[in-house]
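Okay, so subunit A shows up in both of these, paired with subunit B first and subunit C after.
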Partner chain A sequence: MSTVAPPLLDIESLRITSPARVLVEDCTLSVASGEVVGLIGESGSGKSLSLRAVVGLLDARLTQSGRISVDGKNLDALDKAARRRVRSHSMGVVFQTPRAHLNPLRSIGDFMTEALTCVAGVSASEAEVRAESLLEEVGITDPRRRMRQHPGDLSGGLLQRVMIASALAMEPQLLLADEMTTALDVTVQEEVMAVLLDLQRERGLGILFVTHDLQLARAVCDRIAVMSAGRIVETIPAARLDNAVEPYTRALVASSTLSRQPAATDSEAASEPILEVRGLRREFMVRKARGWGREPFVAVDGVDLTLGAGRALAVVGQSGSGKTTTARIICGLERADAGTVTVQGEDWSQPARSVRERRHRAAMAQMVFQDPYQSLDPRQSVESCLAEAVRLQEPGSADAVRERVRELVRSVALDESVLDRTPRSLSGGQRQRVAIARALAARPKLLVLDEAVSALDVTVRAEILDVLEEIRHDAGVALLMITHDLDVAERLCSHVVVMRAGRVIESGPVAEVFSAPAESYTRTLLASIPRPGWVPRRRG
Partner chain B sequence: MSAAPSVARPSLQRAWRTARGGPGVIVAGAALAAIVASAALGPLVAPYDPHQPFVGQPFEPASFEHWLGTDAIGRDVLSRILAGAPGSVLPPFVVAVGATLLGAIVGVTAAWCGRAVDWWLSRVVDVIFAVPGLVLAVLAVAMFGKGLVAPSIALVISSLPLTARLIRVTARVELSKPYVEALHVQGTGRLAVWGRHLAPALAPTLLAQATIGFAYAMLDLAAISYLGLGVQPPSADWGSMIADGQAAILQGHPGQSLAAATLVLATVLSVSVLGAHATTWAEGTDT
Partner chain C sequence: MLRRVLAQLGGLLSTLVIASAVIFGALVLTPGDPVSAIIGGVQPTPELIAQVRADHHLDAPVWERYLQWVGGILSGDLGQSMVYKTSISALLAPRIAVTATLVAYAATIVALVGIGSGILASRGGPWDQAVLVSTTVGLAMPTFVVAILLVWVFARLLGWFPVLGVGDGGWDTLRHLTLPAVSLAIIYIAYVSRITRGSLVAQQTREHVETARVRGIPSARIFRAHVLRNASPQILAVSGTTFASMFATAAIAEQAFGLGGVGALFTEAASRKDIPVVQVIALLMVSIFVAANALVDIIAALIDPRSDRTHA
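Here is the complex of A and B:
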């Protein structure tokens, strides 16, 4: 496999340091022409930093050393203007959040033609023609109309395609992708990945694919570099991931394939329902797509679901399917326009009117939110946060509260040393455990988890799911899992409800729904999850 | 428990280190301390009677007898600056504290009640906002006579909207955060949410607003006195001394105006520097 041509991208002994510590150490990586190289690792492992160093977008306070060569040209050996030229002509970048990288006040056409007219120096009319053909190439229909639209008019998936098209405007051979599908739904992710891989084959692009999603990386990459704590622990062909030697890689592989626990499939006689939702409906007034004025948007449209005491039910669906609104109505954060919510025989259809009633409901049902960074008061220590929750339900002596707080911390497998720390100094996983401990303070019978593990790294996610399973199994707490991640649903829940556009389109035992889905939408949803041997396809 | 003291010490030291800040903060702190001390003790330690003319020749330059020289009728400038210190520093302080407290009350009430109360309070605040503070202060003098009391009250009213709006919007942003929803689901009462969680969140904003308010009040009150509507002769504060010395500047004796103006500037600057520092410190104590 000796090639005469130098690799498209060659990083050697890259080291990035902040004044306080070393962030990336000895990062060596190369991408050959026509090759897709994955760079995977958990958040904070330094993978995005390494990519930013290649593009020249590092924060000015960070210092970098080592050698980065693009097309055989050492970037450090070039003067500023030449370096800029190499970067603008030989590489394209696609970031995680396209919306943040597009000026909302300027049209897609402006954005697409800017690089062509400013950098490549082609005329405005020619740039327009080229932009149109680029948009067509990434599978955008009617590009002429799209170019007159603004970023706000396009969905996240379309915007990401626009980003890919613009990254290719200068005809680079190297594409750098930083978590480019992380913010997208699985079905949209599949479409975008299909577009990317088609382009890669047609143009023979070399791609550095940065992601935290190991399943996605192994499905689309030729080689995978695994990064941990600023170091590349190993670089191996994607096909050999299962036979990795490094313990860290093995751990990553193990936690990204969630094994289904037999405990979740207990099929005893139907237990007493703790939660019953019938015909739930909620409308929001939203701004019209065209012109002024507002129109009703039905977020939740006649949802029925039943959760047995001590059972786990998953509500799955894409963003905008109404699953979070349903959870919020159940917890009294949102009112229902129609339908009923019954929890242990009590009518909870409308939010509690008094603090007393709220506290009474709190003792029965609790909620864990998606973002552990925002669901804890940043100014409050873990101890005072938990103590506050305990005192609400069981006012007692200081000693009794302290004892209960320690019991809670242990129940979510946290060390007591976190007690006098504030959320800022805790990791995402630790914060989410604190949030779960706080929810358990009231000794609830029902825990509503709104995407509670989707913001977490895979290894942490696996640990939190273990904690949740233990809580369900040992304390008999029923779990209502709101999630877009079908793996999570399968790992923890016995029953599943599939939602789309505010409606329940399919429901039943997890094993049945996932192995023999009745609805085509469920089949699409299942097929778009990356897994070994997965090939992303464009769907009509 | 036994480990507590050994843990507490370094964190206390660290807290002190961060509280102490850089050289700019130390200079500002020393300057403000000197100004406050002169306001408190100045009139007592003034070397001459501030109102007594011809304790020296007119326009004497700085000397050992008269550290800052003398004015047009031979009064000792240092004595007049010291005598004017309480009247120059105290009213802006009262205005800043008053405006911040009242503004906080209005802002918190609007955010707490929401709906109609919020709407009406916001409109009233908008109307007050439309009237320039200095104009209101001059109007107050026209209605209630000269002196610093009427313009001070006018300034409290006119600088209240800024704090009120800021507190209202900060509280609403804080209220919309997921952790407040988490408290809601947990069954925490509204008073506890505000007292235990929102108050600490609002404190840095209030502190910052109070120091900015002090700076504006000091400048506005100096302007009032400069216009001859504040302190009446023979008494003087720094603003009226700047005005008083204006004619002398044309005659080539800028000493008095310069001394008074420097003090106004030094006070405003050191309060702003300390305020900014205290705000970042209050925000950052949880690191």
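Here is the complex of A and C:
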């Protein structure tokens, strides 16, 4: 027996290639017992792929070389059965979307006990007892009832706790987490992280924590490996992230700490309101949880907000708070049950009735959606997509349209070379710029952005926010930012509206609301955001 | 669950009411005088025509005749055949037995071979190719062509199976029904096999299946508990429709192999304008179709807890 315990996970010179190109190269990384190691990088950098190689989920068309050792055992040197044994006993895995990773047809109890009975050979009754105590350990109250329920009955946060509990069923010392809180609201993320870190301390787990969220990684990890374009550019202690030497790491740190621009606070003088919403209400009929019939669910409940011309207003809140429904009503995509929407003195409370009216409104207000992968026609070139939008509002000669399209592309800081490409060949950030350019084609006075930067990498997000700030500042376009990300609100907006359960619970200038929140919910929301020195806490 | 079953039954009943009205209405509106069909070759006298019209209530308004017809069916009186001059119940009873046996036989073959080959194909590799090619051929061959081929190979060349009739019951009947059942089954085997393969492959790449694999669950159990189980509502739904439409397609196999089944009676009655018989059989087929689908939906709800749940 050696005197020094081998690391729980030791990856050496991992290389993953597809027939076309190299996806991961020279990835070397280790996780020791009791250590949390972050693996951060932007989408496509190869971090999830490396994790999938460790757990054995690599696509059969990809080839891998290098050495992966778990608990000192080289996986490649083992036969198939032994490899599976090591993987199932020595490591637990938690993925990004718990809802997709649990069989929707089977109960939570089935899921929890399956590995114990089928892999460890524990008796069914014994497995049930152990599953119950595991669920209790991750802070799930009334585990016996939960085990009879199905994934559809549980919230995302609860499901992720179930995933953590089941990952620990075989009592592994190593836990692999792949973007495990990315799909969760910030307050839920805080609770799940608190659960995870408590377990980590109690059991002395080694965790490989894959995430794109540098702030989160910095708050919870001991060491951080930064990955870019398939390579690990550096591995440094989390505390030294601010003093990183690698330019890529420095760029990543810079773009994930959004600095507040002075431009966002300019001219405190009152401007004419371009958008006024009063007493907005929208109910949806949903089927009752028990018994017959349907009951109303109030998605938007008496919302008031005002946006000055050329200003930026953030509507923040968690998923289900009614912020997107509010935006959709403003843009006429949804009707209101009560209340008024006034845009530059015109009554927009009901969706447009005629094509002409709709076009008239489109020239005034435009919407940009979260997912540019779905909001652009995949077979249409950027040029024809933008030309179509231009011709709709300003029919003119082919030359005039072409000139306007080029102007639009430049206004979102894109190169003209993208014009003859289709969305498929563009990156996520480029697509979102095209979507913004298309919205600007109508020369709107108001841009409604529904989580428009949420799906983007931090560096891309920072660039898009710069573009939006420029549009607001130079062209005087008012911005209504629907976002769950308080950093985005702070970076771009002068005022903020905090929504919860369909109501506006707090509003005012960003600087005031964020520095001295009046409502406890706003305080919770602010405290949940990972920042340097952040310690996740379980809340009642 | 109860709510779902009740909703199914409600849907089933309303479909049947509408279908019965459409069937009755459509056949009343079809051209041709039923009187001449009833009288047959005899030169009709005005008295005879009047007599026939009175006997068959042809002078009453349509809605009254419809209610009478439905009322009769509900009380077990299916009416009289105009051509055979006997009660339709007596005409139908033995034929239903033949058709039901034929369809049950064919459905068993479809379930075993169709789902089996679909499972095999979902594993990929050479089996997938083989199943793909043979199901393509199967889908392209109409039942009557298959019937002729089967007769030629297995009856004429090999002499394994009889060509005509239903046999004397028991094993003999099964032997007689083998070729008709196979010819009826082929196209549905191909169909069910493709659907089975498709839904299994779709399930295999689901994330929760990956989770199970990461956790080291044996692959046989993953297939059974996560892949097959999750694909089964879809496979069931297709199998249900298949089973129901076999009752209609059975007519071709029955004609080709000289079996006196419901389908054969249906085509014969239609060509001889025996409207009461056509109406009853049409309604019977609709009922079977609707009932089979309702049953499949209820079974699917038992398998999938989500379909019983409410989500906005």
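One rule holds in what follows: the second predicted complex is superposed on the first by the 533 of 540 C-alpha atoms of A that agree within 3 Å, B and C clash if a C-alpha of one lies under 4 Å from a C-alpha of the other, contacts with A are read in each partner's own complex, and residues count from 1 in each chain.
What we mean here is this: contacts are C-beta pairs under 8 Å (C-beta built on N, C-alpha and C of every residue); 3 or more make two chains touch, one makes a residue touch a chain.
Treat the numbers as computed from the prediction; the structure is a model and nothing was measured.
Undergrad: Quick one: subunit B and subunit C on subunit A, clash or fit?
TA: fit
Undergrad: Just checking: does A:R410 make contact with subunit B only, subunit C only, both, or neither of them? Give me first, second, both or neither.
TA: In the superposed model, A:R410 contacts neither subunit B nor subunit C.
Undergrad: With both complexes superposed on chain A, which partner does A:R106 reach: first (subunit B), second (subunit C), both or neither?
TA: In the superposition, A:R106 touches subunit C alone.
Undergrad: In the overlaid three-chain picture, which partner chain does A:A442 touch, first (subunit B) or second (subunit C), both, or neither?
TA: First partner only, subunit B.
Undergrad: Counting only touches as set out at the top, which of subunit B and subunit C does A:R359 meet: first, second, both, neither?
TA: The first partner, subunit B, only.
Undergrad: Determine how wide the angle is at the CA centre of subunit A between the CA centres of subunit C and subunit B, giving a multiple of 10 degrees.
TA: 30
Undergrad: Of the two partner chains, subunit B (first) and subunit C (second), which one does A:R148 touch, if any: first, second, both, or neither?
TA: A:R148 contacts neither subunit B nor subunit C.
Undergrad: Taking the superposition on A as described, I'd like to know which of subunit B and subunit C A:G332 touches: first, second, both or neither.
TA: first
Undergrad: For the superposed model, what is the least distance in angstrom between any CA atom of subunit B and any CA atom of subunit C?
TA: Value for subunit B versus subunit C, nearest C-alpha atoms: 5 Å.
Undergrad: Within their complex, state which residues of subunit A touch subunit C.
TA: Its residues touching subunit C are 55-57, 84-85, 87-89, 93, 95, 97, 100-107, 110, 114-115, 118-119, 150, 152-153, 166, 284, 286-289, 292, 297.
Undergrad: Would you pull the subunit A residues touching subunit B in the complex into a rising list?
TA: Per the touch definition, subunit A meets subunit B at residues 331-333, 355, 358-363, 366-367, 369-371, 374-380, 388-389, 392-393, 422, 424-425, 435, 438-439, 441-442.
Undergrad: Considering the complex alone, what residue numbers of subunit C touch subunit A?
TA: The touching residues are 3, 206-208, 210-218, 221, 225-226, 229-230, 303-306, 309-312.
Undergrad: Within their complex, state which residues of subunit B touch subunit A.
TA: Going by the criterion above, the answer is residues 177-179, 181-190, 192, 196-197, 200-201, 286-287.
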